[in-house]
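By letter and in written order, the chains are A, B, C and D; residue numbering begins at 1 in each of them.
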Amino acid sequence: MEDIIINENQIKQEEYIVNMGPQHPSTHGVLRLKISLKGETVEHIEPHCGYIHRGIEKMCERLTYQQIIHLTDRLDYLSAHTNNEAVCLLVENALQIEVPERVKYIRTILDELTRLASHQLWWCAFGMDLGALTTYFYGLRDRELILDIFEETTGARLLQSFNTPGGLMNDIHPNFIKKVKEFIVHFRKKLPEYDELLTGNVILRERTNDIGLLTLEEAISYGVTGPSGRASGFACDVRKHHPYSAYDKVDFKEILYTKGDCFHRYKARVEEMWESMKIIEQLIDNIPEGDYAVKMKPIIKLPEGEYYQRVEAARGEFGVYVLSTGEKYPYRVKFRSPNFSNLSAINKLGAGHKIADLVAIGGSLDLVIPDIDR
Amino acid sequence: MTFNIYDFTSFNQWIDKTLYDNLPSFWALIIEMTLIGVAFLLFYAVIGLFLVYAERKVCAFIQNRVGPNRVGPYGIFQTIADFIKLLMKEIIPINNADKFLFNLAPFIVIIASFMAIAAIPFGKGLHAIDFNIGIFYVMAVSSLGVVGILLAGWSSNNKYSLIGAMRSGAQIVSYELSVGLSMVTMVILAGSMQLSEIVEAQRNGWFIFTGHIPAFIAFVIFLIASTAETNRGPFDLAEAESELTAGFHTEYSGIKFAFFFLAEYMNMFIVASIAATIFWGGWMPLHIGGWVGFNHAMDFIPPFFWYMGKTLIVIFLMMWFKWTFPRLRIDQLLKLEWKYLLPINLFNIILMALVVLMGWHF
Amino acid sequence: MNNEQLKEKIYSIDSTINIVEGKQYLELNVAPEDLSKTALMLKNNPDLSFDYLICLTGNDLPDAYAVVYHLESTKHNHVVVLKVKAANRENPTLDTVSNIWITADFHEREVYDLIGITFNNHPDMRRIFLDEEDWVGYPLRKDYTDNNIVVR
Amino acid sequence: MNAILNYLKELFGGIKTLLTGMKVTGYYFVHPKEIITQQYPENRKTLKMFDRFKGEVTMPHDENNQHKCTACGICEINCPNGSIEVISKQVEKADGKTKKELDVYIYKLSMCTFCGICIKVCPQDAITFSQGFEHAVFNKEKLIKTLNKPGSSLKEKVKEVKEVIE
C-alpha cells in the first residue's frame, strides 16, 4: 500500500500557459505575451515581439536623411510628427542650421496636438481594455477634430511626414490658427466629461489602484519613460530637461506622481492633456512671421561623427542615434523607441496580478507595437 | 370585477374545453403543447431580433453615433440580415474538442431560457404554466443556463474558453444568492410565490411603491445581481472580449454562436420581465388611489403593453449600465456580492419583514 | 555639471579611461574587459550616478563590432556616452550590463539579434525580433545579404 | 460605528460616481444632434477633401494636353520606395538638336507612402497630389498608373533645369 500514496511533490505540475496574442484585442497589435497562469493569477509574462519587425534601421542605411523621415512615421504612428522632428532636429543640429522661429513654434504646436491625439486614442483604448466600450467613441470623436487640423495643414491624418530638415514641408494653412483655437475651446469642455465618465468611476479606481506598481528606482532602471515613468516619479520629460524647438519659451508643468500604479499612469496622461492645451494656447497667438523652412542643399551630408537627438514623444523618450561617415547615407541609424523599454517592465508590473489586471497594465503602458518591433 | 376585454382566462378556457371535448385527452394535450410551443418560438424569435436591434441602436446613441442604418429604413432589418448571415456561416469543427458536449452546450443554454419564459405572465391569463412556486421555478430554470456555459468552455479545448467558463461558474454561484434573496424579499410582501398572484396583489399599487424603501433596495439589488447572472456588462467576465477574446464562446461559429447570442438577449428579457412582474406590477396598469378617471383611462391600455413597456424600461437600464461602466475584475465581482449585496440583502429582508409585520407598507 | 567638469570628475576617479569630447556628449572609450567595472563605477559613484541607460546601440564598425551606451544621471542631469569595442571580430562577446541597468536586458537581446554580439552573463540570451530557430545571419551587419533586399 | 459609516460612505460614494458616468452617457442618448458621423457613400457629392490632402500623385495637363514634366528624374531619385519610374526618349527637334523628353511616367500607387518628397523637389511643379482617396481596385495591376496622358507633350517656355547632382 505504501507505493500508491502520492507525494504532493511527485504530481507533475504543468504550467498553464496562455498565449495572449499575436492576435488579441488587448495587445493593440501583434504583440505576443506568453503568460503562465495559476488559476486567474499571472505568474510570469514573457513578451515575444518581432511580428511586425520591418528592419527600418537597415532600410535607413540606404536612404538619404530626407527619406528617413517618412519611415519614422511608421514607428510610433501615433506620434508621427514628434518622430519626424527628432530626425530633423538631429540633422539641423549636426549641420548647425538655425531654423526660423516660426518653424519652431509650429513644430511645437503640432507636437502637442500629436500628443493630445495620441493620449485621446490611449484614453479610448484604455477604457475599452477595461470593458467600458463607450469611451472609445467619445475619444475618437474629439480626436477626429485634431486629425482634421492635421489633414488641412499637412495633407495627411496620421502619417504626416510634415517635417523636413531645415523646416517644414509647407506653411500652415490659413485656417490652422482658427481651427486650433476652436478645438481647444471644444476640448476644454469635453475633457471634464472624460473624468466624469471614467476617472471618477469607482470600478475604474478599483481596477487600477495598486495595480502594476513600479517604484522610482525600477522605473529608472527599466528606462520606463513618458507618462508611465512620470507616474512613478521619474522626471524624464525631455521637453523640460533638454528643451528643443519652442519648449524653452513655454510654461508648463511636468506631471509627476510618486505611486506608479495603473491609476496614476492614467492620471498622468489625462493631466498631460491639460498641459498640452496650455502649451498650445501660449503659442498659437504668437506664431512669428517668417519662412517655413530654410533652404537646404538638395543632398545633405552630415559631418563624420555620432549624433544623438532626444525628443519627448507621446509615450516617452524617443531618440535617434546616427553614425555618419560623411556620406549622404547614414552608416548606422538606431531609434531608441520608448515602447521597447516600457515593454521590458511588463513582467515586473504584471506578475502576481490577475489576467484582467494584465490587460489594464498593458493599457496603462500604452504600447504601440510597430514602435517596439521597428 | 366585471368582465375585462383584456382578460385571456376565459379565452384560454374556451380553447382548452373545445379541444378536450372533441379529442382524446392525449391528443388534446399534444395539440395544446404544440400551440404554446409555436407561439413561444415565434415570440422568442421576434423578441430576440428586436432586442439585438434595440441594443445596437441604444448603444449607438449612447456612444454618439448612428448605429445600423443600411438595411431597411433606420436599419430595422439589420438583425434579420445578420441572422441570415449567421445561418449560412460555416460551422467550424474544432480538433480535439469534446464533440458531444461541444454541440450540446448551446442547446442547454437556449433551452434554459426557453423554460424560464414559460412561467412569466404576459397578461391576465396569458401564461403557459402558473406554478404555485413560480418564482422558485424561474430561479431554478434560469440558472440552468450556466451549465451550458460551463460545458461550452470545457469542451472547446481552448484555454480562454475554460477561464471564461470558470469565471461564469463562480459568478453565477454567488449572484444566484442575491437574486433569490431579493425575490424572497418581495415574496414576503406579496405573501405568495405564484407569479399570477403576485401581480394580482399589485392591483392597488405596484410593490415598488407600496413596499417603498425595502422594495426599492431589493429592486436595485435584483437589477445588479440579475445583470451579473445574465453575463452582461459590466459583469461580462465570462466573455470579456478584451481579456479572453470571447470567453466561453470563442470557438463557436454560425448557428451555434447565434444560439448563445440569442440566449443572452432572452435571458436579459427574462430577468427584466421578472423585475417588471415582481416590482413594477407586471401587466397591471398604473393606478393611483382616488383618481378614478385616470385609473379608468389607464385600464384601456392593454396589459400586454404595460408589461412590455415595463420590461423594456428595465432592459434599457441594463443596456445603459453595460455601455457606461468598465468591467469588474473577478475578485471585485465576488467582493461586491459578498461584501455589499449579500449583507444589504439580508438586512433588507429583516426590514421588509418588519415593514410587513408592522403594516408600514401602503 | 557640464562636460568639462564631468571630464575632470571622471579622470579624478579613474585616470585610465580614454575620454573624448564628442559633438554633444563626452565619449568614454573603454576596453571590453573594463566594461563592467566602469559601468558599475559610473552608476554607483554618488557624484556621477548614471542611473538611466537611455539607449544601447550595437554598431558594425569597419574594424570591430561595437556597442554604444548613452547614459544619463537623473540626479545631476548630465549625459555621457560609453563606447566599447568587442575584441573578437569572429565571435564578438561583451559583458552584460543588464545587472546594472535592467533595461539593457532587452536592448542587449536586440543587439544580439541584429548585430550578433553575445553578452556574457546575460539572463536570457535569445533573439528578440527574429525567429530563434531558423533565421540565419545578423541583419544589421554590413556583410549581411538577403535576396529580398531591394536595391534602388 | 466608524466602520459602518465608512462602509456606507464607500457604498454611496461609489454609487454616486456610477451615476455621474451614467449622466454623461444618458446625455448623449437623448441628444442625437451631437452625432458627427458622416454618411459616407451618400455624401459623396458634397464631400470635399482639404486642398492639401495627399490622395495620389497626378500630373496636371492643360487644355492642349500638355504637361510640365521635363523627365529630369529628380522625383525618381528622391522617392524612398521606388514608386516612380520616369522613362524618357530622345526626340529630334526641328533645329536638328536632340532633346530628352518624357515618354512614360509610371507611378506605382501600391508602393507609395505619400511622403510628398517628389512633389516638393520637382523643379517644374509638374506633379501634384490629387484629392481622390478611393483607391480600391480589384486588380493589383491597376495600381500601376501612367501619369502622362497619351499624346501629351511638354509645355513650352519651361525653364531650363539644372542637371541633377548625383
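The working rule: a contact is a pair of C-beta atoms (placed from the backbone, for glycine too) under 8 Å apart; a residue touches a chain by one contact, two chains touch by 3 or more.
For clarity, every value in this text was computed on a predicted model and none was experimentally measured.
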item: Centrality ranking, top chain (CA atoms only); value: A
item: Pair joined by more contacting C-beta pairs (B-D or A-C); value: A-C
item: Farthest-lying chain, centroid of Cα atoms versus that of subunit A; value: B
item: Cα-centroid distance, subunit B relative to subunit D, in whole angstrom; value: 52
item: Centroid distance [mean C-alpha coordinates] between subunit C and subunit A, Å; value: 24
item: Approximate Å spacing (C-alpha centroids) for the pair subunit A, subunit B; value: 45
item: Inter-chain centre distance, subunit B versus subunit C - centres from mean C-alpha coordinates, in Å; value: 64
item: Where subunit A touches two or more other chains, by residue; value: 134, 141, 197-198, 201, 203
item: Residues of subunit C whose C-beta touches two or more other chains; value: 152
item: Touching two or more other chains - residues of subunit D; value: 18, 21, 24-25, 36
item: Residues of subunit C that touch subunit A when the two form their complex; value: 22-25, 27, 51-55, 57, 59-60, 68, 70, 74, 77, 81, 101-103, 105-107, 110, 114, 127-131, 139-140, 151-152
item: Residues on subunit B engaged by subunit D in the complex (per definition of touch); value: 58, 61-66, 69, 320-321, 323-325, 340
item: List of subunit D residues in touch with subunit A within their complex; value: 13-14, 17-18, 20-21, 23-25, 36, 49-50, 52-54, 78, 80, 113-117, 120-121, 129, 164-165
item: Contact set on subunit A toward subunit D in their complex; value: 63-64, 66-67, 69-71, 73-74, 134, 141, 144, 148, 151-156, 159, 161, 164, 169-170, 173, 193, 196-198, 200-203, 205, 298-299
item: For the subunit A and subunit C complex, residues of the former touching the latter; value: 49-50, 53, 55, 57-58, 62, 93-94, 217-218, 220-223, 234-236, 241, 305-308, 310, 317, 319, 321, 323, 332, 334, 336, 340-341, 343-344, 373-374
